[in-house]
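Every chain is named by a letter (A, B and C) in the order it is written, and numbering of its residues begins at 1.
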């Protein structure tokens, strides 16, 4: 495995909130690396650190090193436009620019050189073909990009990103706004592209990660939990939290024997309540608890494991609430 | 039952109020048309005042119409050149979030509220200092200052509405702030920027107090920037001030011309800004 | 450092310069007006100037009192007419009116804002002034305070100025307060309605209470627009320098004083200094009101953003 991006001891803050803690990991070249983890775990932040888009966020600060092709991306004095050019970004929601389809693709190449009309036509055609959009739009290149369907817009964004000739493609949950057919389309394009590009994809869809990834990084509340080859991580995770996360998103039908709603309870009381609930159960029975205290989400599973119980699932069920399933 | 009666009374009051507000607009327009239309003629808009015009003799107010157009176009162009970069610099990518931007906005708001007669007096002092007399150039400069806060603040409002994802898209392609601003932000905000310009144009063409001392008044068309120049609002004002009913009626007609220009502008701008929205991302 | 970066940096500086230039004009204006009005401040006390009621420039008497009162009265009268009508209209537009009505009426009100002052002035001369001269004798003889007529009214009066100004400030007050009212969170209305309050009770007790600072800001901005208006008022208010005791009396506001006299008769000592002092006073009043209104609006914006 040849490393392309080397992330070394990266910490990121939004004001006082620490979004990334001491992340050190290598991202392999010309493979698909999936960053997985529940929302709010720092996946997108890590992605934004790679292309320095985090600079544009108010109150954000980053420390550490990210080495790409021998250059530290986080070094303040480098030309950030070069860094970003090297990494195309496929956003969560397609964001076509307010211009025609043709101009959307031409926008990037125009910035970085002044190709002639004929060259530009070739560039536009080439990248629209790569992103699989050419056949659908070749007759209306001059029409506004906002007239395309949302799935087409996302492929346009892919083509636009590729047109500046990056080595790396960053994808921030690229299919979360798309319908299943368009999602499939994007996934197919990404699989084709990995022969030429290093692809980093952030996703909370574990199935997508399994379909696409060669390498997996699992983040949890800003910490790096586990990283490794996809088949190893998915089939035999070393960390219990990774197993819980993968199982949780699989949502296997577990027979829940008892439930406790611990919303509104603070740490460590929710831990005490959970222990009490477990105490009443027989060995091997399964307890599901719901918590809304962010610290409980890490502390309760940790404590339970220390007590010798097995944490099966830790899953975010909505913005505030988390579900933790424990086997005695 | 009481509370329902109260509600009904207030609802009636509200409808009546709105009726008065909207009705007063139509009344203003109707009264001006009613009194102005009979005196409106081709010679009104194609001739400059001839000898004895202000006594009721031959002539028109071409001098004032052209003067106003010169003043308004000149000042709008100048104001646009300053306002666009100023408004763009108030984006958060530049100084938008700083303390400085806060004070810049505040002082622009004060400038916006400053009475135009104060602009006029200020302009006159500055012109005296430079040894200028009332002229097209003087009028243009004062109107430019008058339009700056209107343009900058309205443009800033629409620029603020440009979705951040668009800028992000441009940045990820390796664009600089400058390229993003002029390649993407400007395109997306174009209809709004256009509306801001029209707003300022309307304010410029209709303002009398600021050009009273600075642009002067003359019966001929200006031949250079340093010639004094007539303007429509002042034409209305001066003709109304004469004791001759014949000339006063021409004041009404002049007011009608001014009103028509402003209303046409506002309607055309609404139509045009819709045409600019072809590529806009919603 | 490549050419693109240089361009970016250069453009950034230029843009900042444009913004700074525009914002410094107001400071320059205040300083110049102050410097030019200093001669008269050196000779007379501010007290004499502001409270003196004799205006005889040839004899060196510069009493601003009648003009200040003229400005104050005509502005207050305009606000008395405009505030209730505008607020009621904006409540109707924000809370009751159908979307169709709202989207049709608001552009019309915008149109009202775009009409030049001088056109309003002509309208005042043609419609308001004759109407007042017609009704003045009828009402004036009833002996109601502030509504008396001494002898004969031409119609060029405080009331005419007030009505014309009121119509000019409608759009300002309505558009801002309508926005503020519509920004009141829906849950608050819902909460009140679910407690069995009628729509009007909800508006009266909940919506207006929350929108109150914004409406105040709208009124202040309308007030400062009315105080500074020159041409339209000048054309209908009569321009007689006395202190009006009835709405049918003529008045002479500060703006009209400057417009009618500045630029002429500059040979009289201190005359132009006195007029520029009037301009400075107007500017300071506007400064005060604008800053007050903006502070309120900024605070509202922040409280909406954070919570």
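By definition in this document, a residue touches a chain if its C-beta (ideal position, glycine included) is under 8 Å from a C-beta of that chain, and two chains touch if they have at least 3 such contacts.
Owing to the predicted nature of the structure, the values given are computational and were not obtained by experimental measurement.
*Asks:* Select the category (line, ring, star, complete, other) that matches the graph of chains linked by touching.
*Replies:* Contact pattern: complete, every chain touching every other.
*Asks:* Which chain's mean C-alpha position is nearest the mean C-alpha position of the whole protein set?
*Replies:* When every chain is reduced to its C-alpha mean, the one closest to the whole-protein mean is B.
*Asks:* Which chain's centre, taken as the mean of its Cα atoms, is farthest from the centre of subunit C?
*Replies:* Result for max centroid distance from subunit C is chain A.
*Asks:* Determine the centre-to-centre distance between subunit A and subunit C, using the mean Cα coordinates as centres, and give it in whole Å.
*Replies:* About 55 Å, centre to centre.
*Asks:* Could you grab the centroid distance between subunit B and subunit C? Build each centroid from C-alpha atoms only and quote it in angstrom.
*Replies:* It comes to 18 Å between the two C-alpha centres.
*Asks:* Roughly how far is subunit A from subunit B, going centre to centre by Cα mean, in whole Å?
*Replies:* Centre separation, subunit A to subunit B: 50 Å.
*Asks:* Could you tell me which residues belong to subunit A and also touch two or more other chains?
*Replies:* 81, 111, in rising order.
*Asks:* Can you list every residue of subunit B that touches 2 or more other chains, as numbers and ranges?
*Replies:* 176, 179
*Asks:* Multi-chain contacts in subunit C: which residues touch at least two other chains?
*Replies:* Residues 4-5 of subunit C touch two or more partner chains.
*Asks:* For subunit C, which residues are in contact with subunit B within the complex?
*Replies:* Spelled out, the residues of subunit C in touch with subunit B are 4-5, 7-8, 11-12, 14-16, 18-27, 29, 32-33, 36, 84-86, 88-89, 91-93, 96-97, 105, 107-112, 114-123, 125-127, 167, 170, 174, 198-201, 221, 224-225, 227-231, 235, 255, 258-259, 262-263, 275-276, 279, 282-283, 286-287, 289-291, 294.
*Asks:* Taking the complex as given, what residues does subunit A use to touch subunit C?
*Replies:* That would be residues 79, 81, 111 of subunit A.
*Asks:* If you look only at subunit B, which of its residues touch subunit A in the complex?
*Replies:* Per the stated touch rule, the residues are 92-93, 97, 163, 165-176, 179, 183-184, 187-188, 278-282.
*Asks:* Show me the residue ranges of subunit A that touch subunit B in the complex, using the header's touch definition.
*Replies:* Of all residues in subunit A, those touching subunit B are 51, 53, 56, 58, 81-85, 87-89, 91, 93, 95-100, 107-108, 111-112, 144-146, 157, 160-161, 164.
*Asks:* Okay, in this complex, where on subunit C does subunit A touch?
*Replies:* Listed in rising order, the residues of subunit C that touch subunit A are 2, 4-5.
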